[in-house]
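Take a look at these structures.
There are two complexes below, and they share chain A, which is joined by chain B in the first and by chain C in the second.
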Partner chain A sequence: MSGKKKADLKVIILGDYAVGKTSLICRYIDGKFQTQEPTVGAAFFLKQWGPYNVAVWDTAGDERYSGLSHFYCRSAGAAILAFDLNNPKTFESLWARFGSILEAANEDCLKIVVGTKVDLLEPEHREITIEEGRKLSRDLNEHIDIRKLPHDPYFETSSLANENVQEVFEYIFQYCLPLSADQKKRHRNQQKSVVDLLENSEEGDKGKKKCC
Partner chain B sequence: MAAEVREAEQIGNTSDSDSVQTELLETNEIPGKSENALLVATDSFEDLNYAGLTNGTLPTVSTSGTIHSLVKKKARRASALLDENEAAGDNTASSDETTNAVDQESSEVSGEDSQEDHLESRLTDLSLNETESLPEEIPMTQLIPTSSDIEDVNSLEWKQQRRHIFIISESGKPVYSRHGSEDKLVTIMGVMQALVICTHDFQKDTLRSIVAGDHKFVFMCRDHLTFIGITRGRESTQQMLLQLTYMYNQVISVLTLSTLTRIFKQHRNYDLRRPLSGAEKFFDNLLNLMDVEPGLLLSSVRCLPLDSSVRENISHSIVQHAKVKDLVFALIIAQNQLVTLVRMKKYYIHPMDLHLIINLINASESFKAAESWTPICLPKFDACGFLQAHVSYLDEECHTCLLLLSVDIEAFYILSECKAKIKERLVRYNALKAINDSLRRNSYSIQQCSISDLRHFLYKSRSIAQYTSPELEAPYHTKEEQQRLFDLYHYLHDRIHTSGRQLKILFHVGPYETLLGWVTQGFELYAVFGPLVTKTIAIHAVNKLLRWIKKEEDRLFILSSVTF
Partner chain C sequence: MSIKAFELVSAIERVKLMSDKAKTQIECMDVCGKNMYIGTSDCFVVHYSIEEKTQPNGRVTFVSEKQGHKYLVVKKPIAQLRAASALNRIMVLCDNTLTLLNMFDLEPIVTGAKIKSVTCFCINDNPVRTNPFSVEICVALKRKLIQLYTVTEDRLMHLRDISLPDQALAVGVDGKFVCAALSSQYCVVDTDNSQFTDLFPIDSDQIKPIIKRISKEEFLLSGPSALGIFATSAGVSQRPPMQWSDGLTSVSYVHPYILAMNDEFITVHSILDQQQKQAIPFQGGVVLGDFDGRIFVASSREIYSLVPIPFEKQIQALLADKRVNEALELAKNANKTGMTRDKFVKMFKRIQQQAAFIEFCQQHFEEAGQLFRDSGIDVREIISLYPHVLPKSINFTRSVPPLHEIADINQLSRSDEKVKAAYKEFLRTFLEDIRGTNLAHGYKREVDVALLKLYAESAPERLCELISVDTGCDLDDCVEWLERHGRLHALGLLYQRHAENDKALAVWTRLADSDSPDPTFPGLEFVVEFLSSLTDHELLWKYVDWVLEKDEELGVRIFTERPASEAQSERLRPETVVDYLHRFPRAVITYLEFLVFQRRLEKEKYHTHLAVLYLEAVLRLMEGNSVKKEELDIARSKLRHMLQMSSLYRVQLILGKAKEKDMHAECAILYGKLEDHDKALRILVHKLKDFGAAENYCQVNSHGKEPGYRKRLFHILLSVYLDPSYERRDTLVAPAMALLNSSVAEFDTVKVLQLLPDSWSVGLLAQFLTRAVRSSMHNSRTTRIQRMMARGENLQVKQTFIELQRDAIVMNDERACAVCNRAFNDPSFVRYPNGVVTHVHCAKNKYICPVSGKLFSAGRTR
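On to the complex of A and B.
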């Protein structure tokens, strides 16, 4: 099922404790939001992207697990660097903590800076500007030809409101494992049908509750 | 409460109990005995002893360097393991030294007064009441907790906790508190550390316990950390010490002993909460587990009742599909019960380590989402290095958990394949269904033993370090009654093991139930009867019970150990 050879791309997500890494991944993989328990060690997910298998490693933010980082960073094709938009400290950590950790990843590893919990952000209290985020994302990707990318690898997401989550992953996959327009369409349809079914069933549940 | 209890005790004490014992024991065969044990045999008495606590080393397993030797064994794939061993060209050597040094130090201390029963200073002194003042002495206004001081020492809720556990660093910094936030408890923690240090520096002695009113304070110092347990329950000093030892093991399990010693060697006043952040739930959960799981008190593990053929099939599936280099232990755990354990030849697992593994799974929901890969240190196996655990649930309902423990940090993908194969085979042979059926049947009812007036029991086979007990049924179906039953077991266990002389048999008549505790070379049995049972009836009943357990032993215990 999950053999190393079979995965065509390895994506890892890094970031401080409780910035919402697992929520982001669960929103993408399972299509739903639920409060998450803190991750222990590192967790492994497998995801289909067209004909490709993508291995996604969700990691624990606690410092005590840094011994594992070499293991999951090695040969990573893309890294999501997540921070909490409401907590500037977590943004600083991206530089301070994770820059060195990522040296073990592929040389051409794409680094995407993702601000989470945008739904909690009050614009007047914003401490990290969009421009700062973009700048960091450009600085981190000095080694790759940034012109090939549609825009700076910077996103602001909300796993709760399902905002920009799909876009993060499709951005990565389209860069690392480009699909033809036709393949992409088929993939979208697959995704869509999954989401539709889920929404239907959720509605069904609600209906039942009302009956009772 | 204790004063109200009418006690009528008859004690077969040590001198003549051998003959008493042979007369009493009607069967020659000890249920659940096995020469081929899969766990390190334990004796809760030794584990409870100060000497046992501080020496820690076991005859079968060396405390340190096990992982190192395992790694060395494989063809010098240097630096492969973990940064522990990586950075440890000099480190393993030095940490070995420190372990020994610490051991020596502490055994010296315990040697000093192992003859006397431990030092229990009964302080009804006023100075202590400052920190543990009685609620009625406080003016009413202070009794109502406000939101700001709800976690303060002055809050009633905090004071009324049955048990407190604190961990403090040598320099007096708070590391952990079970109730309340450490930040708000800095002062009281400072006072406690001061008590420890004053006793040590001025009296050249070790503070072990204080009794103040109905509270008991128990202190344990190990490796730059002070562990303090405070209880107004019926746990004895030594039982509290055992709980503190579990807490110590949990710290080591998260950090490893080498990291812990290194941290404090470099910065004496380091804030240990940083490397431990996120691990608080393991401490909390472990303490909760101690309140409901007698296995921790007995240093033994409960197995999920399964037909031996099914269990054999399961272990066989693991051996067949997980024959992977560097895999040390493979085990399946279902709702805190051991289903099977396969081990590398020559390596055993200690029940205390197994409890930490159970706690790891029990405390975190995150394993239910996906296959996980996490480091875990098993202090009795090797306190100085991490094993890597591949953790995954085998069924949709997330009842049955497979753990594969390896010394190779790169082994994840191989183990993931093993897991898929094992799962497939267990599904094909209906083994997962058998496990789920057993879980649904809820162990067994006391009625199955068909012994009237026997309400509940704990039976531990010493050679295999496993125990069995029936479901908690009426009258022990409420939380309060279960707590009371647990208190009774604590009392019985304490009276038998740690009253200065070890008893073999204890018959105790209380107002609500009669207790019989019986310890032999082969087993420990704690039985609870209705209040009107006489000694003769109880002994007859217990013999009948032993025959029943003997009959069921293949189902209740894992009697033969399987190796790769």
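On to the complex of A and C.
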């Protein structure tokens, strides 16, 4: 895929090796869950959001690439910090490693904390509570007015079961590139690639009324 | 994954280097037009001419000839060498000193301009200044400094210094941005304001820093873990990295390929998907470079060129591997190779079509459909893959050279019925989609016939619409196909569509008579509907019998539901139809009702006929003994409605029968028709005792008549009420009073008073009298007002008349008629209110001035 089209928003996903970053993006972009080759350095996807182009950057969690992560973060408007809900170490990494990497991102970069693989989680063995996740998400976003957000930027997802994946991205896009209700509807239709005749005709009517 | 994008071709087999000592090696080179310059390890600059020749078989070979050489005395290797053809100079870096040589005789320039302690340099291909006779370069010094220079024929003009935190190991430049590799990281410097942007760290001990300018404001850098990383001047990346091999020494780029060389291989990556496409074994490579789009590679003593395989070939190779997406991606980029737009579009469409058939073979129907559409395929190419689906009479030969190697879908599905069905389903949806679009343009028949055949097999419910709405289906092989699949209703429709009504009807009668009907056939009703709008009346009669025998009530609709716009025809004259329908009692009634009530034919014959039929029906019901009352009531009310509504039937005829059977209500209506109101009302009052009906009778029968008539009727009714000869007349006092006081009844008061028995008290009549007096007063007053108003109007007219007469009009010889312009010979003439004077015979209309067309209100003279 060529990256030449200038993107209106850059979203980057960070997190430890094998927490499921690539799977999350693939679920969103391709709508599929498939076994991923380990990501080399970084990978890149373009996504249409209403009239906007969004570049979604996937990074490799491996330590040896961490210098690169810094570079790939530059001018990101939003960052997804992913950890594996079943592995507390990956949560700690978010504090320890990835917070600083994000200094290269935009100042007002929105940070979303995402706990992955919720399908594997057994509630009685849960080690990271929802409240801890939420708190981290709030702490990371001290620089922005969190009241503008519909809720804390914290999600628990499963790429396997397609849970909450769409929501993560729409949450980001709607915050960074707000669409009107109308545009959003059209965006959905675009994705379904179905023409909603009813809606169109309604619009036509509206236009007519105005001219009278 | 692999693709053959380049071919290694020898350019100069064994460079005859100056000193034949074994260690003499190629260190660097540059190619500029037909000139090739080589820098050696023992301080020679050698000049060759080199020319590319394409053999008739498409092979590329090179012809070279040595032009001269120069020894630079310092006995050090030539580190870097670049030609600047605009200046006729070559820039040479040797022993950390940058100098200029004449491009042709390789002599140093007289001014002796040079820069010392240079580690490396590069030319700015996107210079900030636009003087064509100068070149901008960036040099990295041994100190922590880089410098910008403008190079002219004989000068190296220093522009600015930029100090760095560390020594630069490699530099790249684009516009005002310099990209530099320091020992531990890459950075971008804005030379205007010396602003640094860190890119990412590297360990220059492990990895040789490489900076390759890719395009405007974009560099390709060798990164950690053998990644090739793209970075813009702004310090961000717009493409994902590439996985290279270890130990790279140089990188070059010809769209869309990135070539990278290490000690053993030259790898080729596509910049489009960042994937490796080819690996060319090449031992001991020293230099790899792109020079105006040509790629040369040198080992220590030999020089080769990497000749690009034509796009077309690469694409065909990909297609042969069924790598559709890569082929298309590559094809899309082929227009950057200088093809004309038309040629490109043609080539691209063909590749899309090939790709589409590849997807088709793999049952990737969505992709195939999209590609077929995008490529504007000739639909017959697709249809022809389905045996017997193209119309027989069409001679279609598939495109040459072939787009695919498919025989037909039987071959593809290997007789797996499920797969075959999937292929058919694809064709069906595809054709439905393109129907009416450009893609189907000119092939309407092929498309529709194919759809018909597919529907006949698996979707009979859709046949009807296909055939009925502007179809391209002809009769040729469709008839046979539909018969074969038992789609008889569709066959009928198809005949109808082609105006073969007789054949269509033959099919439908067959269907209606058969025991195992076609589920899409709506039944007899459909045939009736068809006949009722059939313009061929001769043909119509052929089937009427058949229909009516089956269902007379339905059948009669053939006559009653004819299109309003249909012209009258001899064959469908009402007489003819009525005569014909005699055999079908219910049908004839329906038909007569249609004539009388709907068509409103005012013919006594039909009205009487219908009335008689109604009457007969009633009589039949009356004679039957187990008849429900409601049924009889309905029949009678139908009859009464008819009797009341129509005035055209023969009253006496009906009346005779009605009297005989004591049908009082009917008799009352019939007497009414004879204007024998007294008799009628007597029946209503005495026999039926229905006073409301009596009152209603007066209203109905006076409807539309002069006002006196209504009064007369009410008066008759009153007389009936008050008839002294009627023995039970006391029972009628109350209705009589009610009538007098009724708000609808109208009376001549004087006559009423004469009629009333003297014995009635005034009190009893108070209400009636008050009302009578009041309305009489009212009448008198309104009449007076009318009289006065008429008088006023009369006066006004008189006044106008006098005014009009007051002015004298002089008539003499000079006076001519305003219309014909001739003199007046008669004493009488016409004068219009606006003064226009004409002959009497020229005044055509006294309200319109013949000259000005002015309209005079007719009201003024009234």
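By definition in this document, the second predicted complex is superposed on the first by the 186 of 212 C-alpha atoms of A that agree within 3 Å, B and C clash if a C-alpha of one lies under 4 Å from a C-alpha of the other, contacts with A are read in each partner's own complex, and residues count from 1 in each chain.
Just so we're on the same page, a contact is a pair of C-beta atoms (placed from the backbone, for glycine too) under 8 Å apart; a residue touches a chain by one contact, two chains touch by 3 or more.
Remember, predicted model here, so these are calculated numbers, not experimental data.
Residue contacts after overlaying the shared chain place A:Tyr17 against chain B, while chain C stays out of touching range. Once the two complexes are overlaid on the shared chain, A:Phe71 sits against chain B and chain C alike.
Shared-chain residue A:Asn87: touches no atom of chain B or chain C. Contacts of A:Gln36 after superposition on the shared chain: chain B is touched, whereas chain C is not. In the superposition on chain A, A:Thr157 makes contact with neither chain B nor chain C. In the superposed model, A:Glu63 lies in contact with chain B only, and not with chain C. Residues 1-4, 40-44, 64-65, 67-68, 70-71 of chain A lie in contact with chain B in one complex and with chain C in the other.
Residues 1-4, 17, 22, 26, 36-45, 58, 60-65, 67-68, 70-71 of chain A touch chain B in their complex. On the chain A side of its complex with chain C, the touching residues are 1-4, 6-7, 10, 40-44, 55, 57, 64-65, 67-68, 70-72, 74-75. Taken in their complex, chain B has these residues touching chain A: 82-84, 254-255, 274-279, 281, 360, 364-367, 369-375, 386, 389, 391, 409-410, 412-413, 416-417, 420.
Contact residues on chain C toward chain A in their complex (touch as defined above): 199-202, 223-225, 227, 229-231, 234-241, 243, 271-273.
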